[in-house]
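One chain, chain A, links the two complexes that follow: it is found with chain B in the first and with chain C in the second.
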Partner chain A sequence: MSPEAIGEGVGASLRRKEDARFLLGRGRYVGDIRAAGMLEVAFLRSPVAHARLLGVQKAEGAESRVFTAADLAGVGTIRAPSALPGFRVSEQPVLATGKLRHVGEPIAACLAPSRAAAEDLAAACILDYEALPVVADMLTARAPGAPLVHEHWPDNAFLETFRDEDLSELDSIAAAKVTRRLRTARQCMVPMEGRGVLAEWDPRLEQLIVTTSTQQPHVIRTGLSEVLGLDEGQIRVVAPDVGGGFGYKGILSPEEVVCCHLAMRLGRPVRWIEDRLEHLSANANCREHHYTVTAWADAGGRLLGVDVDATVDSGAYSLYPFSACLESAQVGSIFPGPYTLPRFRCRTVSACTNKPPILPYRGVARTGVCYALETTLDALARQLGITPAAIRLANLVPPEAMPYRNLVGKVFDSGDYPQALRRALAAIDHDRIAARRAAGECIGFGLAVFCEQGAHGTSVYHGWGIPFVPGYEQATARFTPDGVLEIRTGLQSHGQGMETTFAQVAHEVLGLPTARVRVVHGDTALTPYSTGTWGSRAAVMGGGAVAEACRLLGERALAIGASLLQAEPGAVELSGGAVRRRDGGAAVTLEEIARTWYRRPQNLPRGVDTGGLEVTGGYRPDPDTGTHSYACHAVTLRIDTETGEVVLEDYLIVEDGGVLLNPMIVDGQVLGGLAQGIGTALYEEMPFDEAGQPLAGTLADYLIPGTAELPEVRIDHMETPSPWTRFGQKGLGESGAIGPPAAIVNAINDALAPFGAEVLDLPASPARVLAALEAARAR
Partner chain B sequence: MTRLPIRLTVNGEPAEVLAEPRTHLADLLRGELLLTGTHIGCEHGVCGACTVELDGAPARSCITHAGACDGATIRTIEGFGEDAVMAALREAFSAEHALQCGYCTPGMLVAARDIVLRLPGADEARVREELSGNLCRCTGYRGIVRAVMRVLEERRGR
Partner chain C sequence: MKPAPFAYARPADWPAALALLGSGARPVAGGQSIGPMLNLRMAQPGLVADLRHLPEFGGIAVQGGTCRIGAGTTHAAIEDGAVPGRLGAILAGVARRIAYRPVRNRGTIGGSLAHADPAADWVAVLPAFPGHAVALGPAGERRIPLAGFVTGIFETALRPEEVLRAIELPLLPPETRWGHWKFCRKPGEFSKATACLLAIPGQAPRAVLAALDGPPLPIPDATALLAAPEAEADRLLATLPGLEPWRAALARTALRRAAGMAAAGMPTA
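Right after this comes the complex of A and B.
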């Protein structure tokens, strides 16, 4: 369709409504909000990874402003169970009791009128502890005699899963077999704004008002009510502007609980703002997988079977609400990737260690899985002497098989996976790569193909048994008396542009100009329940819910409009923001209908729908097993074999997100994810020493990509509608972050192949590239 | 703790505040003067979210001692209302989808305005190099670089 035909609705690259306030510096983040009488919190945190906590000597003369676990009567622990068989749930104290289990674990809250003064208090406290042996590595965490992170557990594992299958005959029939041991780094999410919370007790409403930097206000409210022992109605959670999340803000944090308790107890507003040191060293941990993968293929590259042994370093506690197995339990279900894998054996372990708990990060499990599978496929292709493209084309789910149910029960909704790969290949100048290589340059080309399940719902999550299960996503649509449409959603927009895309959806259904649509989100008092923004679900679930609420509101408006037009309901229709007689006669605008309902009801007959112009609609796709967007990433890079530096020269993404609600915003999601994926591939690593001490405490040590690290990027959209969603859209918010480590390391190993060298561990830093070359020379 | 008087001109208005010697400029702007458009991302001068204009040049307010700014002239994101270059950058940032969560945006705009004025002939590679001290975790930078290039090219075309 032409831009004119699309207008402002679904498919338009409409500029964002939210931009204006941010461009003027008028965004309002939690750190910008102050309350009269507010106290700031600094946390005294554990300096060691594992110790028995013997006592805290509070800052002299300020004992009444320092709070330890002993002062928090009535506050529970954070428990995030899972119903998966054998799962061990941890009890996470909001302030440490008895033991210290990771560096940075909060021990005491110190309150003062300023953060600096609160930090002075924390520095004046004296800790008494007895150091214990440390569990610093996931692979030795379960070794006999290893110290126990949770002493009443038999070993250091939250969960072990096993999917068995007999692979014994494959050795004798396969033309190729490879085994790879691969490791991905522990990372930090690093949204530019860290976490932060301002808690206030409102004595008039008898309600705790919690302004917090979260992606999931309703889930945080549930979690707070459980830990604090309050009714949910006594808690209002408000997410103001949130400066990036990427999963990190999809958790209930001990700091939130402590601030809430202290605000109630002291009758004063209490605020904590995470600084970057806290973020990096104490809180924002994610990823860190280890894989042993064996794969067998026939001479044509057809996969015969895959055997996976995966360990995830889950850290010390199970995070609320997603639990400690959020990464490992998914490994088994997503490892087959976009392929028609016939046999699959998989064992996973969520190891418990003396590190901060791992939390969700864009791509959750998929980034590591894609890395392990796609690099193993390339190793198989090298052994068989076929191209990376050939081995993928031999195994990708063909379009005629859609919808396709794979051997672990994942259902792919639609698309042409081989076509994505072919389009990528066609856009690459292979002759030029070959010519440069012949001229002696160290050039590599790499591919990754993967799919991303998004917006999966009840049927997927109920079996997982974590603290929430997403059901019908709801949205409220209502007219204000002046005819402005308000959309209320329990999702939370922190960069995704929902204030714009949901207005576009409303425009699509009701025809109102988007300028007359106002989207309200992220506040439990103002919005219907939602599990929030995670799992690439907002476009599908929120888009569907907003459309349904608008459809229902439209029916109400139609009835009123028909009455005003003195027509039978069947003789009118809704189009272009007005109710019109189908015979082309008179019309009445939605604005006029709103004005009449609220302010001139005398003009309406009795018997008009008493529900008025406010309605909540619910939406859930059928089936609700999720959409599968998919992509092919293709990268060309060069390596400086003297320094180990990798320079990305060309990056191409062929992506199928179904129908794009706002293509500009979709590209923004893909590009932002890509930058994070490049960070995972080449730069980002939170190392720990043997004592469990994190070694990167600033953004000068923990490197995230900047402008100079990003290559020119080409994005090619295929738009195969999902047959199951309201507009055919698919979730793809995480996609960009999934493929890069696999594609980039495949390209690196392509470039290193003439040297007989191969990189196995992430990130592929200059040191690792040089080490791979050195190891090859030594062989 | 001792509090010292500091006299500044902020966004064209004189201001006199008392601050502890350890206070950095970003905290002073945000806390004492309620200019919360200046954001704090790292407090080590790495991320650039706190970039303001100090005596006509961009500066990291998180590693600038407030006490060292006595007599200085400061402009924050709130102080560019009448500035034509900033207006063009704001328009270009929106058109090129150069922002998502908005947290890095004020610092990014102040840095971008300096590039446009100081390096009118800059090409994309130079713009990328110049912006390398401002981190964004949302956009992947393409929109930001394109927005700065758009303003540079508009001005070159005049």
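Right after this comes the complex of A and C.
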């Protein structure tokens, strides 16, 4: 369709409505908000990974401004259970009691008028503790005699899952068999804005007002109510502008609970702003996986079976609300990838260690799974002497099989996976790669194909049994008396551009200009309940809910409009922001209809719907097992074999996210995710020593790619509609972060193949590339 | 990440600055290294002396064949060509690869050299130059050969009562050959290996290997390195046991590539 035909509706690359405030510095984050009489908090944090806490000597002369666990009467622990069989739930104290379980665990809250003075107080406190042996590595966490992170547990595991199948006969019938041991690094998510919370107690309303940097205001309200013992009506959670989430802000944090309690107790506003040191060294990490993968294939590359043993380092606690098991249990359900895998055995462990707990980061387990499966496929292809493309084409789910149910019960809704791969191959100059290689350059080409389940709902999550289960997503649509459309959503937009895309959806349904649509989000007092923005769900769930609310509102407006036009409801229609006679006669605008309802009620018809021009609509796709967007990433790179440096030269993404609500915003999502995926592939790593100490404290040590490190990227969209969603859209917010480690390491190993070298662990840093070359030389 | 309390002084002239240093003040120039250290509370001085407002703190003066670069001259000024001729072109090539422009706008050549971080750019290249660091103390100025100025990790030949006043370098003939190579994966990252080689016509070539685990290693006569980079790099690395293997590989590469660039007569870089 031409841009004119699309207009402002679904499919238009409309410029973002929110950009003016962000580009002009008018965004407002927790750190920009000050309340009269506000106190700032600095946390005294554990300097060691494992110890018995014997006591805290408060800063002399300032004892009344330092609070430890003993001072927090009535505050509970944070519990994030799961109903998965065998799951062990941890009790996460908001301030440490009895034991210290990771470096950075909060021990005391120190309050002062400025953060600097609060840090002075923290520095003046004296800790008394007895160091304990440390569980620093997930693979030895369950060794006999290992110290226990939670002493009443039999071993250091939150959860173990099995999917058993006897694969013993495959050795005798397979043409090729490979086994790989692969590791992904522990990462930090590094949103531009860290966490932050400002808690205020309103004595008039007897209400706690919590302004916090979150992706899930309603879930945080529930969590705070449980830990603080307040009813939910006594809590209002407001998320102002939020500077990036990526999963890091899908959590009820101990710091939020402590600030809320102290604000109530002291009757003064209390604020904590996470700084970069806290982010890197004290708070939740992500991504640390270890895989042992064995795969068998026939001579044509057809997969016969895969055996996976996966361990996830979940850290010390199960975080609220996603729990410590989401990541590892997801490994078991998504490892077959976009392929028609016939046999599959999988064992997973969520190991408990003396490290900060992990949170699901953009891509969640998919990034690690894609890395493990796709690099193993390339190893199989090398052994069989076939191309990476050939082995994938032999196994990808074909389009005629859609919707396809795989052997673990995942249902892929639609798409042409092989075509995505073929389009990527066709866009690459393979002759040039071959010529440069022949000229002696160390050049590699790599592929990764994957799918991303998004917007999975009740039927998937009730089985996890974590603190919330997403149900029907709701949105409220209402006209103001002058005919502006307000959309209220319990989702939270922190970079997704929902203030624009939901206005486009409203335009699609009601026809009024997007300039006349305001999207209200991020406030439990103003919006319907939602589990929030996570799991690539907002475009599907929010898009559907906004469309439904607008449809219902349109019906109400239509009835009033018909009456004003003195026509039967069947003789009018809603189009272009007005109710019109179908015979091409008179029309009445939505503005006029709104004015009639609010300010000229004498003109309303008898029997009008007394709900007026405000309506809440709910939506859930049927089935709600999730959409599957998919993509093929293809990369060409060169390696400096003297330094181990990898230089990305060409990066191509063929992506199918179904119908795109706003292609420009989708490109932004894909590019942002890609940058993070490149970070996982080549740069990002939070190393820990044997004592459980994190070794990178600044962004000079913890490297994240900047604009100069990113290649030129080409994005090619396929748009196969999902048959299950309102507009055919699919969730793809995480996609960009899933494929890069697999595609890049496959390209590295392609380049290193002439040397007989292979990289197995992430990130593929210069040190690891050099070590792989050295190991090959030594063989 | 907020600094511990400290007092702040802004000396108006050099005697006042020296008096402050004599009383234990920590000097600050552009603040690009000390700033983060204060915020991380890795440095907790009681008194900070801000040198930026001293007369002639920055600026370039040429007299005879010598270029005197005020310690407070910013990396950006050098990048933008404040130093004349062939010397200026070489220094500009170094300056433009220091971190990001906002850092270069504030960071100073003297501050960086006096801070003596082993991975810092000026620390890594200035020992190759037949010039001097000019130290100002109560008894006046004293000249310290650049090759011996940085003595350890964060350690220099400055005495506690002295401040780095300027850097004096000889102007260079146009035929001077220069090679400089450093390994860092993104701007702002600490270099993992830096080497440079300076060949002034009529003099023995001089080189430096830096960003090691200790102070920079000046190579006062780099004739062999220029003539046979591979063998000489291997020989030099053999004198540095204890470097991690990949760091040693990078250091060897740095030496070979810097020498190769100088041999090829690369004009600046």
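The rule we apply is simple: the second predicted complex is superposed on the first by the 778 of 779 C-alpha atoms of A that agree within 3 Å, B and C clash if a C-alpha of one lies under 4 Å from a C-alpha of the other, contacts with A are read in each partner's own complex, and residues count from 1 in each chain.
Just so it is clear, a contact is a pair of C-beta atoms (placed from the backbone, for glycine too) under 8 Å apart; a residue touches a chain by one contact, two chains touch by 3 or more.
Here the structure is a predicted model, which is why all the values come from computation and not from measurement.
**Student:** Regarding the shared-chain residue A:Leu752, is it in contact with chain B (first), chain C (second), both, or neither?
**Tutor:** neither
**Student:** Quick check on the superposed pair: does A:Leu24 touch chain B, chain C, both, or neither? Answer first, second, both or neither.
**Tutor:** A:Leu24 sits against chain B, while chain C stays out of touch.
**Student:** Mind working out whether A:Arg15 is in touch with chain B, chain C, both or neither, as first, second, both or neither?
**Tutor:** first
**Student:** Considering only touches as defined above, state whether A:Glu774 meets chain B (first), chain C (second), both or neither.
**Tutor:** After superposition on chain A, A:Glu774 lies in contact with chain C alone.
**Student:** Considering only the touch criterion stated at the top, classify A:Gly706 as touching first (chain B), second (chain C), both, or neither.
**Tutor:** Both partners.
**Student:** Looking at chain A, does chain B or chain C touch a larger number of its residues?
**Tutor:** B
**Student:** In the overlaid three-chain picture, which partner chain does A:Gly668 touch, first (chain B) or second (chain C), both, or neither?
**Tutor:** Once the two structures are laid over each other on A, A:Gly668 reaches chain B alone.
**Student:** Looking at A:Ala116, would you say it contacts chain B, chain C, both, or neither? Reply first, second, both or neither.
**Tutor:** The answer is both, since A:Ala116 touches chain B and chain C.
**Student:** Touching chain B and also chain C: which chain A residues?
**Tutor:** Residues 114, 116, 275-276, 698-700, 706, 708 of chain A touch both chain B and chain C.
**Student:** Which stretch or stretches of chain A touch chain C in the complex?
**Tutor:** Against chain C, chain A makes touches at 114-116, 119-120, 123, 275-277, 642-645, 683, 697-700, 703, 705-706, 708-709, 766-767, 770-771, 774.
**Student:** Write out the stretch or stretches of chain A touching chain B in their complex.
**Tutor:** Its residues touching chain B are 15-16, 18-29, 31-32, 114, 116, 190-193, 241-244, 246, 275-276, 494-497, 664-665, 667-668, 671-676, 698-700, 704, 706-708, 710, 713, 736.
**Student:** Residue numbers of chain B touching chain A in their complex, please.
**Tutor:** Where chain B meets chain A, its residues are 20, 22-23, 30-31, 35-44, 46-47, 49, 76-78, 90, 93-95, 97, 99-106, 109, 127-129, 131-145.
**Student:** Going by the contact rule set out above, which residues of chain C touch chain A in the complex?
**Tutor:** Going by the criterion above, the answer is residues 1-5, 36, 40-41, 183, 185-190, 192, 244-246, 249-250, 253.
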